[in-house]
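After the structure tokens below, expect a handful of questions from me.
To keep things simple, chains are lettered A, B, C, D and E as they appear, and every chain counts its residues starting from 1.
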Amino acid sequence: MTRIIRHVTPGASPGALIAPQQQVEKLKIHVVCYGPDEVEEADVGSLSEALELIGSHAVAWIDVTGVHDVELIEQLGKHFGLHELALEDVLNVGQRPKIEEYEDHIFVIMRMLHLGTVLNVEQFSLFFGERVVITIQEYEGDPFDEIRERIRSGAGRMRTCGGDYLAYALIDALEDSLYPVLEQYGEWIEHVEEELLREPKPDLLETVHRIKRDLLWVRRAAWPHREIISALQRIESGLITDDTKVYLRDTYEHAVQVMDVVETFRDLSGGLMDLYLSSLSHRMNEVMKVLTVMASIFIPLTFIAGIYGMNFNPNSSELNMPELNWAMGYPVALGGMALIAIGMVVYFKRKGWI
Amino acid sequence: MTRIIRHVTPGASPGALIAPQQQVEKLKIHVVCYGPDEVEEADVGSLSEALELIGSHAVAWIDVTGVHDVELIEQLGKHFGLHELALEDVLNVGQRPKIEEYEDHIFVIMRMLHLGTVLNVEQFSLFFGERVVITIQEYEGDPFDEIRERIRSGAGRMRTCGGDYLAYALIDALEDSLYPVLEQYGEWIEHVEEELLREPKPDLLETVHRIKRDLLWVRRAAWPHREIISALQRIESGLITDDTKVYLRDTYEHAVQVMDVVETFRDLSGGLMDLYLSSLSHRMNEVMKVLTVMASIFIPLTFIAGIYGMNFNPNSSELNMPELNWAMGYPVALGGMALIAIGMVVYFKRKGWI
Amino acid sequence: MTRIIRHVTPGASPGALIAPQQQVEKLKIHVVCYGPDEVEEADVGSLSEALELIGSHAVAWIDVTGVHDVELIEQLGKHFGLHELALEDVLNVGQRPKIEEYEDHIFVIMRMLHLGTVLNVEQFSLFFGERVVITIQEYEGDPFDEIRERIRSGAGRMRTCGGDYLAYALIDALEDSLYPVLEQYGEWIEHVEEELLREPKPDLLETVHRIKRDLLWVRRAAWPHREIISALQRIESGLITDDTKVYLRDTYEHAVQVMDVVETFRDLSGGLMDLYLSSLSHRMNEVMKVLTVMASIFIPLTFIAGIYGMNFNPNSSELNMPELNWAMGYPVALGGMALIAIGMVVYFKRKGWI
Amino acid sequence: MTRIIRHVTPGASPGALIAPQQQVEKLKIHVVCYGPDEVEEADVGSLSEALELIGSHAVAWIDVTGVHDVELIEQLGKHFGLHELALEDVLNVGQRPKIEEYEDHIFVIMRMLHLGTVLNVEQFSLFFGERVVITIQEYEGDPFDEIRERIRSGAGRMRTCGGDYLAYALIDALEDSLYPVLEQYGEWIEHVEEELLREPKPDLLETVHRIKRDLLWVRRAAWPHREIISALQRIESGLITDDTKVYLRDTYEHAVQVMDVVETFRDLSGGLMDLYLSSLSHRMNEVMKVLTVMASIFIPLTFIAGIYGMNFNPNSSELNMPELNWAMGYPVALGGMALIAIGMVVYFKRKGWI
Amino acid sequence: MTRIIRHVTPGASPGALIAPQQQVEKLKIHVVCYGPDEVEEADVGSLSEALELIGSHAVAWIDVTGVHDVELIEQLGKHFGLHELALEDVLNVGQRPKIEEYEDHIFVIMRMLHLGTVLNVEQFSLFFGERVVITIQEYEGDPFDEIRERIRSGAGRMRTCGGDYLAYALIDALEDSLYPVLEQYGEWIEHVEEELLREPKPDLLETVHRIKRDLLWVRRAAWPHREIISALQRIESGLITDDTKVYLRDTYEHAVQVMDVVETFRDLSGGLMDLYLSSLSHRMNEVMKVLTVMASIFIPLTFIAGIYGMNFNPNSSELNMPELNWAMGYPVALGGMALIAIGMVVYFKRKGWI
């Protein structure tokens, strides 16, 4: 949970770049450059190698995995004229998703969700200008393989468009990657619901709580994404073409739908907690009824048996337990007990308890 | 539940048409063409047959049932100049209701609700221009029979108006078809309420939960519908005449009322859950009172009986259970028990427990 | 509850007039016509009679009670140029309150509340132009007697003003008639509150639930009323004079206050449900304490009595229940029991349970 | 509670003045007139006396306590040209706070809160123009003594400013008088919180409920006050000088802070109800554990004692209770019971129940 | 808690300066003056000493700790032309955070949070103009050491900018100082969550309640901070340079993130209360099951033992307890008990209770 908030030293100079503590083993720089008719792609070791590769290609995508190499980030910033505050945000992972417009590039921070045994939130930083797209991820693994494939194959309009279209494609893919995560939660909710109506086990409580908590994190990603995509559509500078904006309208619809689903799931999971409590109350009621019925039937009977277990001396007086010497004493006592028991059972049947 | 969210491959090229997995047995294309004085109507097998039938009729309504024929959708798109993103949305059933305006047609997605043993949500896609209305439904069965009848009979102003009026009529009929569904939930709520006040059975909990969950889905349809109808009224291009907009104002009122009812029902069903829990708590209280009264009356009595069931030897000392040999020992013991029991009963009566 | 939503056949032609199913025994048309110096008033049997009566009076108020006479409504519509959609709304009782502005008249739907054994909601439809006011109510009984009296007596400015002032007076009276209803709920809430703090009886739960549910209906009336009165104030056409608008400002304040009170009452009644549950929990706690105290005191004592009720043969060994033959066996046993009981009582006193 | 809503006869002529039912013993009119260099002050018996006293003083403050003298209110209205609807509101105590601007005066209704054994809400009506301020209170006792003192002493800028500054001072004092009331609730909340964590007594429930309910009333006063003060700042006519508006900005901040505190207290008191329920549930759990532990330990032991209290005849067969005649029968039975008891205790220790 | 609301005498003259009751031992005035190339820094004893020190330095920061020296505040106000209402707010600690713009300086009140054994809220008052920054804190200890260090070392752009940049740096440091506090709450929430799922101890309830209550206070600071920073960005006068506004945009993002985290934590802590109650209900259920199982198994057995402990005289009739003399009486009785016990166990196993 500590990752959800920025790690800063209060009063630190703005723009002072400090590497975050989480580190991937090995920083990776992957460069893809392409134009309408050609593609070049390589893992490079430094910024200068990357720049050499890019050459005069129409569009270049520099994809950095790992955020602990402060020096590289600084070089990128210096070479492409990125703002120091933006670079600071790249390193301070755990930022709220946001968008910032600069003169010749746009800076976007979004959240990628990975659902393994727990929900992992990864910061995705994106700079894009007319010809260059720089992405910085925290960990290996992203939902962009399909895009890489499309660049390589030249399918669709990817290769003929500029950096803004690539940026749109990345944002769209990231937003779409939320669907499978949500679908998983949807299935969990449905599963837990059925289980709860069958039997309110305590581990279900934990699951419900986890779903509720995780959906809070998903929501914290989904709401700002919508704002970001909306802001991208309203950008007036020529950095985003009108063509791309039409596609962004579609992505915006997706973002709205994601939020819609998240809110619905939150409502549903809230209902699950109610269901758990109600179901538990009902169980408790059942348990109490069994106890009450058992106790109410047998306690009076045991009392009667106790009466005739007393040792008052029948010889000292005729009033002392004459029943013990009656010929029908025992059968009458048993019969009385049976009558009481039957009466109780009838009473509880009428009450609907048994 | 999985149907509520789009099925996409993250990073897939926008506009790449992929058929959804749910399929109706047989795709059906029904065409109705009409002008002020004539009507023609037929089930056709292909787009070309449909176009032939349309000929020079003033208005044509192409009604497709089934969304798995990607090729047909592509032909439609190509012939009528529909946007690829719109076509993608038609196939990706489970879209959030939305409206998109293009140069010569308007694209609307809405949700149809069918209430059988469970609540089914069906995507209804609608393209309409001046002369052509294309509707694409997922399954057989729709609330448009009355409209077909009105076209055939020439009643009302249907035949003398353009495609926008037909589109309005369809949207209005769809919106009105939500009323019977809501009425059903209203009756359920009323029924469950009465039952709950009589006895909080566990299956009522399930019903309450289902009503709450279903109303979430209805709400997910109702809110965007209102926005869509509102957007239709504000469209400035000539695609919707002012006359039709007056009628849309009425439909808008209906959409607002649907939302109003949905929210009221949600409040009511939330109250039902409270009622269930309160009612259950009250029951539990009753059960506990019976147990406590029974136990509190008989446990002391049984204890006294136990006392005189002890085997201390009266012969070894005068202090050892002399009561056993008293002449009035047994009657006094019974009397004492009766007094205790009466005291308890009075005490509990005073407390209002019995 | 079914009355809260419109009864329509989906796809029915807009403006097709269908009578609602609820019917008053006898439709009643009451006409009041007046000018600064004269009043005429009569129950009439048909529209033509009404028109004859109206003659050249400055203002006419046609008050129809009963909504099942489709023909009359149609005649009214035709004669006064009312829109067919408005007429449809008049007949489809259960409409959401609304206002619609037409060229020469304004159409308003509001809700009248009658609080008998249950809360009844009645639709009140109002058309008004410069000289004519038409009101259509569902049932007999309305809060307008005072207004009729003011017209007859010529008190206040009623007779010197136009139809807009009469319409204002009707709307104001209707809005004011919500106060006694709210006051009733206020008294119930106060009453239930006191009762709950004394003893959480189950019928109070039903009352709380009814109050909550009824306030939902009141709220469904109160919110749109505020919008309607606000809209009336903003109407630019000359149909409402500035003088009348000043009075409407006052009515608007009342509408705001009604909403304010409704929301406060909703909060209060929500608190009552909490109070019921808390109070019930507290009771249950008390019941459990009694049971626990009784059981905890007597169960160990009964056990000891049981011990000395065992029949081990003291003759077969000196270890077998030698206490039975001790001279002080019985007093010591009783004393031990007393000590245990006292210890228990002290323990529970310390815990604050008794 | 009935006082929170207006008492009106539906349909009554607007502006018809009717005295409210609550009456103070004796109506009081206090007049303070002052200019930069002089003050005159007196209790007067009628409006004419008041007017005589005012004479040519720069500013006059007519302070009426008691709202049952309809005639006086009418005279005031006539003499100072007050609107009949405003006068009606003065008499109909229980009005929602509001502000109305007229040509040469401004009319404000606010709520004064007095916290005695219960929370009392008093209506404070204020008319002010350039030279005259009229205040109408329901009861004796107000937070304005400090202001009277400032007028008398000539401290601050009071005597050199017009009626608007006096009105500001009154509104500011009224708003500030909410702080001590809130402080009291703050202390109660803190006190109840501590008590609840110590022991959830039932009278605390009543206190929590009362705090919640009272805060609803405070809130009903605080929200409109903010709107009123905001509206005063925006008034364009010269009735409020720019200098006074600067001071009103400060009062506005106070009003915002009052609302802020009220909302925080409402959240806190909502949390208290949760705390009560949770604390009660915890107690119940403790009670149940004691019962369960006692019962579970002694019930099996009592059963064993019961076994050996049976009277099967050892003489009729060797199988009939041979234990009774064993030499070690009794010690072994006691030992077995001790083992079972110890086992139970260990089991419950492990479960953490004892 | 009393500190959260202003301490005022209702009706007191605005701008009358009264010292708050809380006092630090010794008032401290620390002055830092600097220009691009020089720094001077000293603790001074009076305003005149401070002014002397400031001399012709480009920027001066007067940092006052302690708010009880009314005279000093008055001198500051007089010398730097600060508004009396602002000075009043400085002394009335417990103000809502706010910003006020004056001709040649801006006045800001913010809240500093210190998390020791309890959460402390301190008022931070800030006046800043082009060349002078005055800060007034209540207690020793602030998050500004880093800033002092930056001024001394001349690192970053601090020394070359004006008072607005220093003010920004202070606000930014204050806002950043909320992160560690939030992080602490985040860790507590995570910790409590784990504990609750393991065992719902009562002290956790207290912790949850405290977290909820504290977050209310944090929220009361965080929301207005966002508004303040937003207002600073919109200030049009030259008091804040465009360069500084770019940095404020970053601070604004932080303020939004703080609010975002606070709201998320509030949701989470609300869920913890549910978790506590659910977990407790589950425990209670377990306790009840143990009791019910124990009682239900042994009560019938004890009853049977009671039967054969009765003393009916077998000699007076053949019907009187002939079992006692049967050869197999005892074994059969024991066997019957065992069967009943086994039956019960099987029954409860099937129910899933053991």
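The rule we apply is simple: a residue touches a chain if its C-beta (ideal position, glycine included) is under 8 Å from a C-beta of that chain, and two chains touch if they have at least 3 such contacts.
Keep in mind it's a predicted model, so treat the numbers as computed, not measured.
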Interface composition of copies chain C and chain D: same or different, split at half = different
From the C-alpha centre of chain A to that of chain E, how far is it in Å?
-> 25
Distance between the centres, which are taken as Cα means, of chain D and chain A, whole angstrom | 41
Going by residue number, chain A touches two or more other chains at 277, 281, 284, 288, 291, 295, 299, 302, 306, 309-311, 321
Draw the chains as points, connect those that touch, then say whether the picture is a line, ring, star, complete or other.
-> ring
When the ring is traversed from chain C toward chain D, the order is C, D, E, A, B
Using the touch definition up top, name the residues of chain A that touch chain E in the complex.
-> 1-2, 4-16, 85, 95-96, 98, 100, 199-200, 202, 205-206, 209, 212-213, 216, 220, 273, 276-277, 280-281, 283-284, 287-288, 290-291, 294-295, 298-299, 301-302, 305-306, 308-311, 314, 321, 323-331, 333-334
Where on chain E does chain A make contact in their complex?
-> 143-147, 150, 155-156, 158, 169, 172-174, 176-177, 179-180, 182-183, 186-187, 189-190, 193, 197, 246-247, 249-250, 253-254, 256-257, 260-261, 264, 267-268, 271, 274-275, 277-279, 281-282, 284-285, 288-289, 291-292, 295-296, 299-300, 302-303, 306-307, 309-313, 316-317, 319-321, 352-353
